[in-house]
Every structure is written in structure tokens, then in C-alpha cells.
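What follows is a pair of complexes built around subunit A, which joins subunit B in one and subunit C in the other.
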Partner chain A sequence: MFISRSLRAKATQLRSSPLQIRNRRRSYYTVDHPDPTPFSETESAILSSALSRVPTHGFSQKALKLGARDAGYLDVSTNLFPRGTFDLVNYHLVTRRMALKEEVQFPELDTQSGNKLGVGARVRILALARLRANKDIIGKWQDAIAIMAQPSYVSASLSELARLSDEIWYLAGDKAVDASWYTKRATLSAIYSAAELHQTQDQSPNFIETERFLDSRLEDLRKVSSLAGGFGGWVGYTAQSAVNVLRSKGVKI
Partner chain B sequence: MNTTGIRALQPSRLLPSIRRTTEKGGYRCFSCSIRQSLQQSSPRKVPPQKDEAGRTTHFGFETIDESLKESKVKGVFSSVASSYDRMNDLMSLGIHRLWKDHFVRELDPGSPSVSGSLHSGSEEKGWNILDIAGGTGDIAFRMLDHATTINSDHKTRVTVADINPDMLAEGKRRALETPYARSERLSFMEANAEKLPTIPSNSVDLYTVAFGIRNFTDKQQALHEAFRVLKPGGVFACLEFSNVNNPVFNYVYKRWSFGAIPLIGQIVAGDRDSYQYLVESIEKFPSQPEFRDMIKTAGFMVPGQGWEDLSGGIAAIHKGVKPKTSSS
Partner chain C sequence: MSSASESISQAPSKPLPSENPSLTTEQRRYLESALRVNQAGELAAVLIYGAQTPPIVRAHPHLRPLMKHMYDQEAGHFTKFNELISKHRIRPTAMYPVWTAAATVLGWGTAIMGREAAMACTEAVETEIGTHYNDQVRTLLDWQENLKQNGQSLGPELEELLTDIRRIRDEELEHLDHAVEHDAKEAQPYEVLTNVIRGGCRAAIWVSERV
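Coming up: the complex of A and B.
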């Protein structure tokens, strides 16, 4: 009696506040209702103008203050960002990740082999596009890496990296639902962050060096995974023959 | 002879404690002198009467008429003005100084002279800071020090406003020991935070209130007034005792604040009731999410989750930023 009444009360409560439900954060992802940008209008205004100050002033409090002024706010308005410079770095990471979806168009055929574009090739194109989006601020990106490596921001930075590699695999059309879902994301995260670190030292035009670096890391990955696959085959074959030898000796297996 | 003496003492000594246990929350022992003075002006206010004002608020655990709170709070702070620091040391276990330093450092007052700004006009003027309920100048001196030494900004100025002249006098006395006593960068004014008619709208960069807002009669009205005086983009920042998150720590902290602090107040300052009020007013202050929502109601944008807990929530910093195009 008591339970049923409280349940009914809860049900009416749910029915009476559809607006509240709509505004709540969903615990699942759906392509039909993409999450809105996590930044409010004011935050975007200040952060984007601050980002345009980064090439000269770095990822610093100074860039934030100048950004606030450029957007028509006051120096004190930077209190809107409790994590300070990390919020500026985070803005770059999030907006570049979200832009991937709009910016990258896949060609029909692979330019080198002429075959149909595979998932691996698409991952390569997406990762390169994301790296190229660092073009404007790459000179100051080492500052940003230092900020992200601060203990209080490490977990936020790592989860943003995970979101990026998830986005890349998703956009590349990967449909895996086995354990490789995790290993793919983990390896791509490792490769991407190494490539980004390499990029901070890259002086070549249009980041040719970084592109090469990324290619060779992806090639390594292919080799390692084919090696792992080969090793698995060898183990299976050996075990099978061992069983067969034992059977031929009359052991009942 | 002895027995009569004891009997004479008994009612006044024992009655409060007995009554406190029986009517929990209804009665609180307030300074006798203040209660007498109130009784002269008006009869018992509990339960509140529906007179023309009619609205009630809380004073510690007691419910009183709104019109009375101001004078009662005044009484408390007049009596503790001289021992204010000692009081804060007791209530925060001595770490309120660190909180205040952190509060000011995070706000980072003062504009460093930066080149390449599009609005170079505003940077020359420094910040206009209004420190509400900052009678003793604790926050004001820290702000000026930070602006001067960290940001080498010699233009930023602070107006210290307090409703209580005794607290302001304490602040003025302390200001003499700082380099700002005779400069134009520091000024004092006696004002009620709910009505600031002398301060024009859209004129303040930073509005701070540290350990003051829980004593306000109408907090929401004070927030609206803060919203009015702030420039678009200006910041409301509040440092206040708040709710401890960890239940175990909360139990220990509550035992400390309700058990020990009034007793220490009695021993150290000879004024139990003012200290009793202070711990009760902390208990009655809205929780972090509630106060965050009050700030939003006034029209502010709140950064992140809206507050930052200090020392597990013994105190919390709340901030709000006035949007550029205000809807109100």
C-alpha cells in the first residue's frame, strides 16, 4: 500500500515535469540528438577571443584577460572560469573535437592504393585533420601540455583524449562490439598523443614530418597486431598438433 | 544564608538550560542587555505578529520580525568588534586567514598593464571594488596588497561598506597600520547592503562579501542590489561558512561549534550569547546548491558548478558573473 502510493506519487511527479526531463543530461548517446556544446554563449565569446590571443600570449591568464576585454567584458569576468588557463586549453580541445564531424569529408577511393577507403585509412585522415587543427597554436602547445599534466587536471585531460579517440573511431565507421573496442581506443589515444608531442617540434611545411610519424606509428600498430594474430595462430596450431599426437598415442581426449 | 543565596541564583542560572532542552529551536539565550532593550521597545516577538511589516526572518534559531534582525545583528557585532579576529580563529579552527588569502588570490584583483588591448581606456583606471560587510578591512587590505604587489596596479581602489559603525571604526583603526590609510584607494562607508542608494548602477567591477551575507535580513534583496551596482561582466564573490559534506566530519564539526564555541566565547570574550548566535546563523545559512540558485535567481551566470568548497565545506566561495546583456 505504502509502496504503491509512493510509486504513484513518483509517476505523477515524472509526468508533471516533462521539461525537467528534457533538460537533464542523457546517460546514453544518440546521433539524432547530439549533445549541445558544453559552453554557454558568454563563455564561448570570451574563450574564443582569448584563443585568438594565444599565439602571442600563450595559454596564460593574460590571454584570458585580453580575450575577456576583446569580447567586451572586464578583466574580472575571467572569474567565470574556475580552472583558469586549463579552461582555455579545454575549450580548444573540445571545440576542435566537435569540429571534426563537420570538417572532414572522406574521398571515395584511397589516393594511394585506389582501393575503397577502409576504416584504418579513415582513422588516419581524421587523426591528421585533428592534428592540423592545432596549426595556429602549435607554438604554444607545450605550455598547454604542461597545464594538462598538472595533477588536478590530468583526469580531465585524459578523459578528453579518450573522447577524441572515441569520436575518431566512431566517425571512421568502426562498429566493433568486442574487446577490441577498448584496445582500439587505447592504442589510438597513445598514438595520437605521441604524434601531438612530435608535432610541437615539427618545423616542416604543413606538418609533413608529423604525418610521416603518424603513418609509421599506425604501420607499427598494424605489424604488432598482425604479429599478435600470427602468434595466436601458432599457439593454436601447436596445441592442436600436441593434442593430435597424444591422441595417436591412445590418450582419450 | 547560603541557601537563600543559591536559591536566588537558581532561576536565572538554570532556567535557560532547561528551557533550551525542552523547546528546542524555539528559544535561544540572547544577550540579556539586548533582550531588555528590545523588550522595552516592543513586547515578545515570538510568535511573530501580523503587523504591517508582517514578514519574519531567522536570527540564529529564533524567528523574529524582519525589522528587528538588523538591530540584533548590530548588537552582536558591536560586542565582538574588538575581538573579531579571535572569534574567526575559533570558528574556523584558525584557518580563515588561509581562506581569505585563497579567496583574494583566486579573484586576482588589479589589471596588470598589458599591451595590445582594444579597450586601453579601462585598463588605466584599475578595478572598482566594493567590499560589503568588510568592516575590519581584512579583505580590503588583502585586495589592495594583491593588486599592488602581484599585478603592479596602483589604481585599483576598494570601498569598504558595513552596516555597523563599530566594525568600521575597527577597520579604520587597522588601516592606519597599512600604506592605504591616507590614500584615495581605500574608503569606508556605512551602508545597508540591501539598499545602496549612494552607489550608481553599473559602476562596480567586483563585489565581495566575506563572512557577512548570512547576517543579512533579506539575502535575495542584497543579491539583486549587488546585480544592480555591478558593471556588465562584473563579478559577485562571496566567502561564507557553509555545509560540511562528510557526515562524520560534520558530526565532529557540529559538536565543536555548538559545544565548544559558545563556551570559549564566554571564557575569552565574556559574551556567550553573541557566539551562540554566530554558530546558529551558520547552521541556518542555505546550503551550497540553494545559495547558488539564489545567485542565479538574481540574474547572475555562475561559473562551473557555482561554488568551491574550502576545508571540506566548512566554508565555501560562491561566484556570479553579471551577463553583458542583462534581461532585467
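Coming up: the complex of A and C.
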């Protein structure tokens, strides 16, 4: 059993489909030379119809087959997707991520404080919009989590999560390109996945519970990062002052 | 506020139509790592000059305008590459904190050794960085040449990048000349110092291209 599974995973890796090639990490983004679309027309047609079958049939081979039929293809065309149900999960993740750009509009001012909307507030709006986009399939999201946790798909799932956090920071207008680039993306990924897990258990109307959960995590993050930033600033300031004191005493440093 | 999509079955949006030829994966990779190295290099340059300035200016007040001039130019380059990295959504180097520490120590250390050592450091760093920018200019010119044969062009963005890199290269080489004019070659031990620094630069470039 174990052997056959690992062999199957190998075979999956070897049969690298065009889908996998095009889903590799993006580099050098530019509007002058746009990125190619991640899915071909056939793939989109089948996967989007399959996705509309997910609320009833889950992220299953059955949903894929029904999707192919709905889109007017033979059952056998699900062979286009060597990663099977993972390709269906991936389609949901990729299309929801790409939709953020078109669907989220920021209000001019913060609704609560009336100040200009900061990067943090925009991150919150974007993360919430992405969570709400799980609305139709959240009942079956546990299946998807199980699929993504399979050893051969873990790395693809994590890179898609990284792309989502990158997209959120980018759309929120964060321009920092120093070491905080990494910590920001890592913490947002952790917060988002925790919120998504919370969402699978959320029965409240319009995911109010999930929204609260997200807010409290983001609040924790704000506190911790201002502490950490404050500490870093303090160390730097103290070191600089020490050097200046020594210089003022005539030490040649 | 936000409106999540009602329909679950929606194809991803098509990219904007473009008259420019699309970049190949290799070209995107090349630009990604080149810009990442450039940003890391300018970060180091800003920190090196920043750390050198106080000890040098204290010992040789007449060098203040030169140090300020070089520092300001490097700060301008750093801002330029920060903008490009953020615009093209390129991952900054993961070694950012390491380069920060290394460059500060290098700048401060050579400045303590004296004016000649500081200038030798500038000479070594700018030689490597000048060569590095030259390679990039050559690559972009190659692309341009190939596209021209098919009646196409690089597009405004890459043409601007080419101009910027050329200008920045010229300014770096100008710093190299200043360093030599200010007795970089008199540094003791000149050979060891410049070779160690140049080796360090090449290693840092190699690493930053990758991570």
C-alpha cells in the first residue's frame, strides 16, 4: 500500500502536465509583458463546472467527472489533470486569489476611525474578502485540507499560500522590500490558514465569528510587531549612542 | 467595502493585450535575480559609505564633500532599485540582515584602518560592481539586438531599465576613479585587502542571485 502510493506520487511528478509548468512561481511581474494565464480554456471550462458540483459532491473525482460532462467533454478528459482532485482544489485557490484584484475596492476612509485607510486595514479587508470567497465550498473544505496535506501536494499548497499572502500585501499597497518582506508574508500566511480552519467550523451568519477571529489575530500581530520593532529600534539607538559617546571622548572609531 | 464573487465558476481574468513580445521564463528569472543583486549591492554600498564617513571625515575633514557626494549617489541608486523590486514584485534577498551587518563592519573596519584602506575598499567594491552592471547592460543589449532583427523592441520599461543601469554603472566607475585618485593603491597591504574584498563581493553576488 505504502509502496504503491509513493510510486504513484513519483509517476505524478514525472508526468508533468502543462498545468503544473504554468503554475510554477512567478518572477519579474510587469504589465508590459503580462504573465500567461494559469489555465487553458479547456482546463478552465472543466474545472469551473466541476467546482460548481463541489457543494454537493465535495472535492472528489466524481465532481471532476460531472464537471467534465457539464462542460461538454467526455469523462476521460479528466486525464488532463494528473493531480486529480488536487487540481480542483488548486483551481479554487488560484482563481479566488486572482479575483481579489478585481473584486476588492477599498473605501476612501476607515469606517470606524474616519482616518485614511492604512495598509493594515487593507490587509484585513483583503483577507476577509478572500475568506468570504470560500462561502460556497466551505462545507467541503475539510476534504480539500486533507488533499493538500498529502505529501506530494504539500509543497504546491504551501507555495500557493505564499502567493496569496504576497498578493494581499501587494494589493494592500505595501512597498517594503527589506527583511520585513519575509516576516510579513510568513505571519499573514499563518494567520490566514488559522482563520480558514476556524471558518470550517463557523455556523454564524456571514462568517461573523471568522471575522472576529481574524481581527483578534491581526490585533495580536500588531502588538507583537510594534514590540519587536520597538526593541530593534532601541538596540540600534543604544548602539549608535554608545559609539557617539566614545567619539565625543576622542576615541578614534 | 468588498464584494466576494457570487458565482463560483468564473474563469481567471485575461491579461491585458500587449504589443510587446512576451518575456521568456529565462528572461524573467534573469531580471529577477539581477534586480535582487542590484538592490543588495546598493544596500551594501549605502551602508559602507555611511559607516566610513564619520571616521574618515574626522581624520581628513577635506574629504567630507567627496564622501557626501558618493553617499548621496548610492542612496539614490538604492531608492531606485527598491522601487523596481517593489514594482516588479521581486523577492528581496533573504540575506538582507547578513549583508547589513557585513557591509557596516566592512565600511567601519576599513575606515579605522585609514584613508588609503577605505579608498582601497571603494576601489575593490566598485570594480566588482562595475563589472557586474556591465554584464547586465551587455545582456539587455543582446536582447535588444535579437528583438530588432524581428522588428520588435524591448518596450519602454526595459529600455528605461537599460538607461538606468548604464547611468548607475557610470556613477559607480566614477567612484572607482575618485578612490584611485585618493591613493587607494597606497593601502597596506593593498593586494590582500582588495583581493579579500573583491572575493567577498563576488561571493555575495553569487548568493544574492540565488536566495
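We adopt the following convention: the second predicted complex is superposed on the first by the 197 of 253 C-alpha atoms of A that agree within 3 Å, B and C clash if a C-alpha of one lies under 4 Å from a C-alpha of the other, contacts with A are read in each partner's own complex, and residues count from 1 in each chain.
In the analysis below, a residue touches a chain if its C-beta (ideal position, glycine included) is under 8 Å from a C-beta of that chain, and two chains touch if they have at least 3 such contacts.
On a predicted model such as this, the values are computed, not experimentally measured, just so you know.
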item: Touched partner set for A:L80, first subunit B, second subunit C, both or neither; value: first
item: Contacts of A:T42 with subunit B and subunit C, given as first, second, both or neither; value: first
item: Chain touching more of subunit A, residue-wise (subunit B, subunit C); value: C
item: Contacts of A:S27 with subunit B and subunit C, given as first, second, both or neither; value: second
item: Partner chain in contact with A:K65 - subunit B first, subunit C second, else both or neither; value: first
item: Touched partner set for A:P107, first subunit B, second subunit C, both or neither; value: second
item: Subunit B versus subunit C as contact partner of A:A186, first or second or both or neither; value: neither
item: Touching partner for A:T56 - first (subunit B), second (subunit C), both, neither; value: first
item: Contacting residues of subunit C [partner subunit A, same complex]; value: 1-5, 8-16, 18, 20-23, 27-29, 31-32, 35, 39, 54-55, 58-59, 82, 85-92, 94, 96-97, 108, 112, 155-158
item: Complex contacts: residues of subunit A adjacent to subunit C; value: 26-39, 41, 44-45, 48-49, 51-52, 54, 94-95, 98-99, 101-105, 107, 111, 125-126, 128-129, 132-133, 135-137, 166, 170, 175-179, 181-182, 247, 252-253
item: Complex interface listing, subunit A residues touching subunit B; value: 40, 42, 56, 61-62, 65-66, 68-70, 72-83
item: Footprint of subunit A on subunit B - complex, ascending; value: 106-109, 111-112, 114, 116-119, 122-123, 127, 205-206, 231-235, 237, 301, 303-304, 308, 319, 321, 323-324
